[in-house]
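The next part holds the structures, each set out as C-alpha cells.
Look for chain A in each of the two complexes below; its partner is chain B in the first and chain C in the second.
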Partner chain A sequence: MRKRILIAALIALHAAILLAGLLAPYDPANQNRGFPYAPPARIHWVGRSGVYWRPFVYAVSPNLTGYHEDPSQIFPLRFFYRGDSYKLLGLFTADIHLFGVDAPGRIFILGTDAYGRDEFSRLLYGGQISLAAGLLGTLLTLAMAALIGTISGYFGKWADESFMGLAELFLCLPWFYFLVAMRAFLPLHLNPTCTFLLITCVMGSIGWTRPARLVRGVVLSARNRDYVAAARGFGASDFYLIQRHIMPAAFGVLLTQAALLVPQYVTAEAVLSFFGLGIAEPVPSWGNMLSILQQYNVIVSYYWLLAPAGALVVTSVIYWLLADALHHWVKSHSI
Partner chain B sequence: MKYFARRLLRACLLLLGVSLLCFAFTELAPGSFFDEMRLNPQIAPETISTLRAHYGLDRPLAVRYFLWVGSVARGDFGYSIAYNEPVAPLLWARAKSTLLLTSIATVFTWCIGLPLGIWTASTRGRLVDRVTGAATSFLIAVPEIVIAILLMALAVRSRIVPVGGIQSLNAEDLSGWQNLCDRCLHMLLPVSILVLSGVAIVERHIRASVLEVLEAPSVQAARGLGIGRTRLLFRHVLPLAANPAISLFGFSVAGLLGGSLLVEVITGWPGLGPLILDATLSRDLYVVIGAGVFVAVFTAAGNLVADLLLLACDPRIRAGEQNA
Partner chain C sequence: MKSGARLALIACLGTPIFVAAAPGPQPLSLAEEVQHVTAEVGRYGGRLVVGQRSEPKTLNPVTAADAISRQVIARCNADLISINRVSQQTEPALAKTWKVSPDGRTFTLNLRKGLRFSDGYPFDADDVIFSFTVYLDEAVASPQRDLLIIDGKPPIITKLDQYTVRFTLPRPYAAGERLFDGLSILPKHLLEKPYKEGRFAKAWTLNAASSAMAGMGPFRVKQYVAGQRIVLERNPYYWKVDRGDHRLPYVDEIVFLFVGGEDQQLIRFEAGDTELISRLSAENYALLSQGAARNGWQLSDLGPSLEYNFLVFNLNDVDSKKLPDIAGKQLWFRELRFRQAVSVAIDRDSIVKLVYGARGTPLWGNVGPGNKLWINHSIPHPARSLEDARELLRSAGFSWNNAGRLLDSTRKPVEFTIITSSSSSQRMKMATLVQDDLSRLGVEVHVVPLDFRAMLDRVFQTFDYEAAIMGLGGGDPDPNPEMNVWLSSGATHLWHLNEIQPATGWEREIDQLMQQQMITLKYDKRKQLYDRVQQLIAENLPFVFLATPDILVGAKAEIGNFHPAVLEDNTLWNADELYLRAPNAGIERAGLR
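After this line comes the complex of A and B, so read on.
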C-alpha cells in the first residue's frame, strides 16, 4: 500500500511538472505590472445571489491598503480554457489550459511575485528546470561513478590508488565551497541553455565520490565470486566479465544512489540560483524564485513566495522515500 | 606511532592535492579581479597591467604556485587583492566566528542526538521510536537551505530573535552581561538551523549502531543470564556501539569549518561563508584558495582525530595495525 502511494506521488509530481503548460494558467514570463505581490486568489462557491454552480473569483484590485475583492464583478472558473499558447512537452504548440478565467479577471492561485508574474505557473515551469538539472546531473554522476568505481574496483593497483586518492581529495572540501568556486570560475554571463548545461556538468562532476566508492566496494566483492572465476576460466574477456557479471551486481547500489542524488542536485541548483549563480531571469527555477526572499520585508509580508521551498520539500521527501524503498528492495534481492 | 606518522603523511599529501586543485580551478577562470577596472575608460590599460604585475598575476601558474607555497610557509597564505592584506589574518578572524557558531551547534546536536538515539534504540517499535523515526526521516529529507529559509521566515515574522550579524548595532554601549545575552540571541537562529539539519543524522547513526549490538548473540545471552536492562545498556551495549559514533564524531569535527557555509551566508553570520562567496564572485583568487586549504586542513585534522580515537578505543584495530 505504502509502495503504491509512493509510486503515485512520484508519477503525479513528474506529470505535473512535465505538463506544466497544461496545468499552468499563464505564461511564466508574463508580467502584470499592475499586480505586484498579489496574494493567492480566493475561490468562492457562495456569492451574493446564493450558491453558484461552479467556483468563481472576484475581480481584485490593489489600493494603498492592499488588495481588495470587488463583489460586483464575478469571473467563473473555466476548465480547458483557451489562453496563452505554449509548447506541450516541447513538441506541440497548444493553447488549452486546465483552468482559467475570462480576460479582465485574473486567477493567481499562489499569488504573484514582484513583477506580477503568476507564482503557480512559475512554480510548475521552474520545476522543469530544477528537476531536469537534478536528473541530468544525476545521470552524469552515475556514469562517472560507474566508470571510476568499476575501473578501480576491477583493475585495482595504481588505478585504484589514484582514483580513491582523488575521491578523498574531493571529500576534503565542503560541497558548498566546491559548488560556488567551480561555478564562479566559469563564465558567468551566458544564455540560459548554456548556463543550465554548465551547472549540470559542475554538479554532476562534484558528486561522483560517494557512489564511486560504493560501486568500487560492490565490484571488489563481485570480482572474487566463483561464477566470475568460472567465466574467466572459460576464457571470458575483462570487458565481457564487467558487462555481464559485475555491472548487474552494482546496479542496485547505483539505483539507490540515483534516488538520493536527484534531490541533492535539485537543491544544489536551487542554492546556486538563490545566490544568482544559476539560471538567470526571466527563466524560472525554484532557486531563483526563492532568491527574492533574501529581502527581509518580502519574507514578512508575502508568505506565498515561500511556495518553491514547499516544492523542494515535497520533491526531497518523495525521492528520499523512494531511496529508502529501493534500499530495502536491493538488500532483500542481493545475493 | 608508526600508524600516526603514516596518517599524518597522508593528510599532508591530501592538503598538497587540495591546494593544487584549488589553483587549477582559479587558473580555469576566464576573468580576473581587474575586469571591472578594464571597463572603466578613465583607467589606462598600462595601469591595469602594472597592477597585475604588482600582484604577480602575470606570472605562469607554476611560479605562482611556488610563490604561494613560500607565503604559506611564512604564514600568510597569499595576499588578498580586495582587502589589500595577507589572507591568513583575514581568514582567521572569520574562522573564529565560524568555529564559535559550529562548535556550539555541534555540542547541541550531539547532546540531543546521542541520548535520543540510544533511547529510541532501546524502546524500539514503541511510540517514541516511531514518532522520532518519522521526524528524523523528514529532517534528513528536507534540504538545509529550505530549513534555513523557513526558520528565517519564522524568526523575521515573529520578531523573537534578531536576524543577521553577530551582535546588535549598539553592542558597544552594552555591559558585559548584556553583550553576552545579545550574542547568544544572535546565535540562536543559525545554531537552530544547524542543529535541526544535523541532529537527525546523528540520531539515526546512533540508533542503528546500538540496535545492531542489542541484537547481537552476546547481548542476547547476557540478557538471558539476567543482567538488568540499564546495566546491560550502559555496561555492555554502549561500549560496543561506540565505533560508528566515534567515526561520526570525527565527521562532525571535520565539518566544523566547512559545514556551515551555506547557513552563514543565508543568515548573514560573518563567518567564512560570506567571505568565500564574495571572494569567488569578485575573483579574489588567493582568498578563495586560502579558504579552501584552510577548510581542508580542518577536514583532514578531523579525520585524523577520528582515526586516532578509534585506534585508542578499539583493541581490534590496534591489533590489526600491529599485524599489518
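After this line comes the complex of A and C, so read on.
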C-alpha cells in the first residue's frame, strides 16, 4: 500500500510538472500589473442566489487595505479553457488549459507575486527547471561517480590514491563562495538555457565525491570475491569483469544515491537562484521565486509566496521515501 | 513573604544605582551670542536610539565620505551657514550675519561671539581660517575640496578681526552661501598639531579618545563600542536656545546602533528598540502603518524626494576591439529615436505603483516635483504609447520579423542587458518592469543584478556594460551640486565619461548654460537658464528618467518636535530640538544598560 502511494505521488509530481502548460492557467511571465500580491483566489459554490452547479470566483479589486471580492461579478470556472499559447512537453504548440475563467475575471489559485504574475503557473513552470536541473545533475554526478569509483576501487594503487585525494580536496572546498566568485568572471549575460546547463554541470561535477567513495568501497569488496577471481582465472578481461560482475554490485548503491541526490540538487538549484546565481528573471525557478522572501515585509505579509518552499519539501520527502524504499529493495536483493 | 526575601528586596530597592550622568547644560552668559530657535519648548532628559546600517568609517568631518559617518559627524559639528532642511533656504549658524558684495564674489561673515567648543575652549575666526585651510589642502584629500574650488582656484580667506572673516571667490558664484552648509568648523587647539605633523587623516578615527575630540554641534562623542554602537552625549556649551532660554539639546544622549540593513532597522523599530526610522521603502511603510495606531508611531509621507532613478545607455567611447558587442550596440543607443522609443514604451505609472506602492512620482526629467524652486513645469509628460514607440523605431530604420522580434537596419535582433545593484530591490523591480515593457516592442532585455561596487566599476572604469538602472540626486536642491552630472567634463557625466570636448551640440549648450547659471546671481535669470538645461535633457534623453520615491519616515509618538524633511538627514536634522515627552523604555530592551 505504502509503495503504491509513493509511486502515485512520484507520478503525480512529475506529471504535474511535465504538463505545466496544460495545468497552469496563465503564461508564467504574464504580468497583471493591477494585481500585485493578490492573495489566493477563493473558489465558491454558494453565491447570492444559492448553490451553483459549477465552482466560481468573484471579481477582485485592490483597495487601500488589500483586495476585496465583488459579489456582483461572478466568473465560473471553465475546464479545458482556451488561453495563452504554450508548448506542451516542449514540442507541441497548444492553448488548452485545464481550467480558467473568462476575462476580465482572473483566477490566481496561489495568489500573485510583486508583478501580479500567477504564482501557481510559475510554480509549475519553475518546477520544470528545478527538477530538470536536479535530474540532469544527478545523472552527471552518477556517471562521474561510477567511472571514478570503479577505476579507483578496481585498479587501486596510484589511481586510487590520486582519485581519493582529489575527492578529499573537493570535499573541503567552500563551493558556494567559489561559485559566487566564478559568476564574476562569466559573461555579463547568459541566456536561461546556458545558465541552466551551467548550473547543472557545476552541481553535477561538484557532487561526485561521496557516491564515488561509496562505489569504490563496493568495487573494492566485489573484486576480491571468489566468482570474480574464478572469472579472472578463466582469462576474463578487466573490462568484462567490470561490466559483468563489478558494476551490477554497485548498481544498487548508485540507485539509492540517485534518489538522495535529486532532492539535494533541486535544493542546490534553489539556493543558487535564491542568491541570484541561477536562472534570471522572468524565467521562473523555485529558487528565484523564493528570492523575494529575502524582504522582511514579503515574508510577514504574503504567506502564499512560500509555495515554492512547500514544493521543495514535498519533492524532497517523496524522493527520500523513494531512496528508503530502494535501499530496502537493494538490501533484500543483494548477494 | 519570608523575612530573608523581604530583606533582600529592601536591600535592592535601597541600593542607589550609579549611572554616569550626562552633563547638564551650562548656564547662559551675557557674552554669548546664542541663536534662538522657534521650535516648541521641550523637556530635558532621555536618550534617542537610532538604527544605522553599519558603523561609521571615521569621525573626522574633513575626510568622511560616506553617509553613515556624516550622519554621526553632523550631530557633533556645526557650519557657518546652514540650509534649513524644511524651507530649503539658507539660515545663519555660527555666522550670525553675512554680506555679499554686489559682484557676488566676496562674502563677509560675522561670527557669533562668546561661543565655546564642546570641550569648553572658546571659538573664534582662527578656527574658521584653520578649518578652511584644512579643507583646501590637497594633501588631506577632503571630498568637499572640489566644491570649494571654482575655475581651478580656491577662495581667498582673510581674517578681518577675531569674529569677522572674508571669503573672496575667484569669480561670482550664484548662491555661494550654500557652499558653507555641511562644512564643519574644526577646533584649531586640538587639530593643528596633527595637521602640522601630517597626521590629520589619522586624527579622530573611531578609536580616538573622546577627550581629543570637540565640535560646535549639539552633541559630543561619549563612547564607541566596536560593531555595536556609538553614544553621543549633550554638548553643554551648545549655542542654540529655545524660547524659554533653555540651552539645547533636550536629550541627554543619542545612541546610534549598528543594526544592519533596512529590514533589520524596521524590526528594531517595531520592537521598540529605536525611536526614529528614515528612508523606509513603501512596503515597509505599509507594514508599519498597520500597527501605527496601536503602537503610537508617527509616520510621515513627506512627498517626492529629490532622487531621480533612470535607465542609462552606455554612450562612452569604448574600444571596439576590446568590447566589440557593446560598440556594435552603441549604434542603436546613440540613435535619439531609439532612446525616445524606449522612454515612451516604459510604463512609469506601473513603476510607481509596483515599486513604490503608489508612494512615488513618475519622472520625465532630472528635476522632480520635490524640488519646488527649480522644476521646469513645461517639460512634457508623454503618456505611454507602444504605437508611438513603434513609429519612432520604424522611422529610425528598425523593423520586425515574423516572430515580432525587433531588428535593426542590418537585420540584427535588438537585445541588450541592463545591470543594476543587487542590493536595491527597488531598482531590480524597475529593471524587471522595463524588461517586460520593452519585450512588447520585440526587444529582448536581460536583467543582471550585480554587487554595487562591481556595477560602479563597470559604469565608471571599464565601461563593460550596455545599459544600467541607477539613481542620483537627493542632496541640495540647488543646480550647482548637479554640475558634476551635466557638464560634459563632469566626474558623474555617466552616459559618456571623460569627454575632452562636448560630444554633441546639445551637450555643448548644456555646458554653457550650466556655467552661466553658476555665475548668475538673480534667481529668475538662473531659473530661466536651468529650465533650458532641463528642456535639453528631456529632449535628448541621455538618461531615460523613471521615477522618484516619496520620503517615508517614522518616529515614536513620544518624540517631540519631530519635523522630518525631504533633505538629508530626514529625521535627525533638528536633533538638537527633538525631545522625549516621557522617559523612554526602549533603552533596556536594546540592551544598553
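Points worth noting:
As a working rule, the second predicted complex is superposed on the first by the 319 of 335 C-alpha atoms of A that agree within 3 Å, B and C clash if a C-alpha of one lies under 4 Å from a C-alpha of the other, contacts with A are read in each partner's own complex, and residues count from 1 in each chain.
Methods note: contacts are C-beta pairs under 8 Å (C-beta built on N, C-alpha and C of every residue); 3 or more make two chains touch, one makes a residue touch a chain.
Not measured: the values here are computed from a predicted model.
Of the two partner chains, chain B is the only one touched by A:316; chain C is not. Of the two partner chains placed around the shared chain by superposition, chain B is the only one that A:168 touches, whereas chain C remains out of contact. Applying the stated contact rule after C-alpha superposition, one finds that A:296 touches each of chain B and chain C. The larger set of touched chain A residues comes from B, when the choice is between chain B and chain C.
By the touch criterion defined above, A:280 lies against chain C but remains apart from chain B after alignment on the C-alpha atoms of chain A. Legend: residue contacts after superposition of the two complexes on their common chain; A:176 is shown touching chain B, with no touch to chain C. Once chain A of one complex is fitted onto chain A of the other, the partner contacts of A:36 are limited to chain C, with no touch recorded for chain B.
Common to the chain B and chain C interfaces on chain A are residues 184, 188, 296, 300.
Contact residues of chain A toward chain B in the complex are 165-166, 168-169, 171-174, 176-177, 180-182, 184-188, 263-264, 267, 270-271, 274-275, 290, 293, 296, 299-300, 303, 306, 309, 312-313, 316-317, 319-321, 324.
The touching residues of chain A, counted against chain C in their complex, run 29, 31, 33, 36, 114-116, 184, 188-189, 191, 276, 280-282, 294-298, 300-301. By the touch rule above, chain C contacts chain A in their complex via residues 263, 266-267, 281, 283-284, 286-287, 347, 350, 353-354, 417, 419, 422, 425, 429, 432-433, 435-436, 446-449, 454, 464-465.
Interface of chain B with chain A (complex): residues 14, 17-18, 21-22, 25-26, 28-31, 137-138, 140-146, 149-150, 152-153, 156-157, 163, 255, 257-259, 261-262, 265, 273, 276-277, 280-281, 283, 288, 291-292, 295-296, 299-300.
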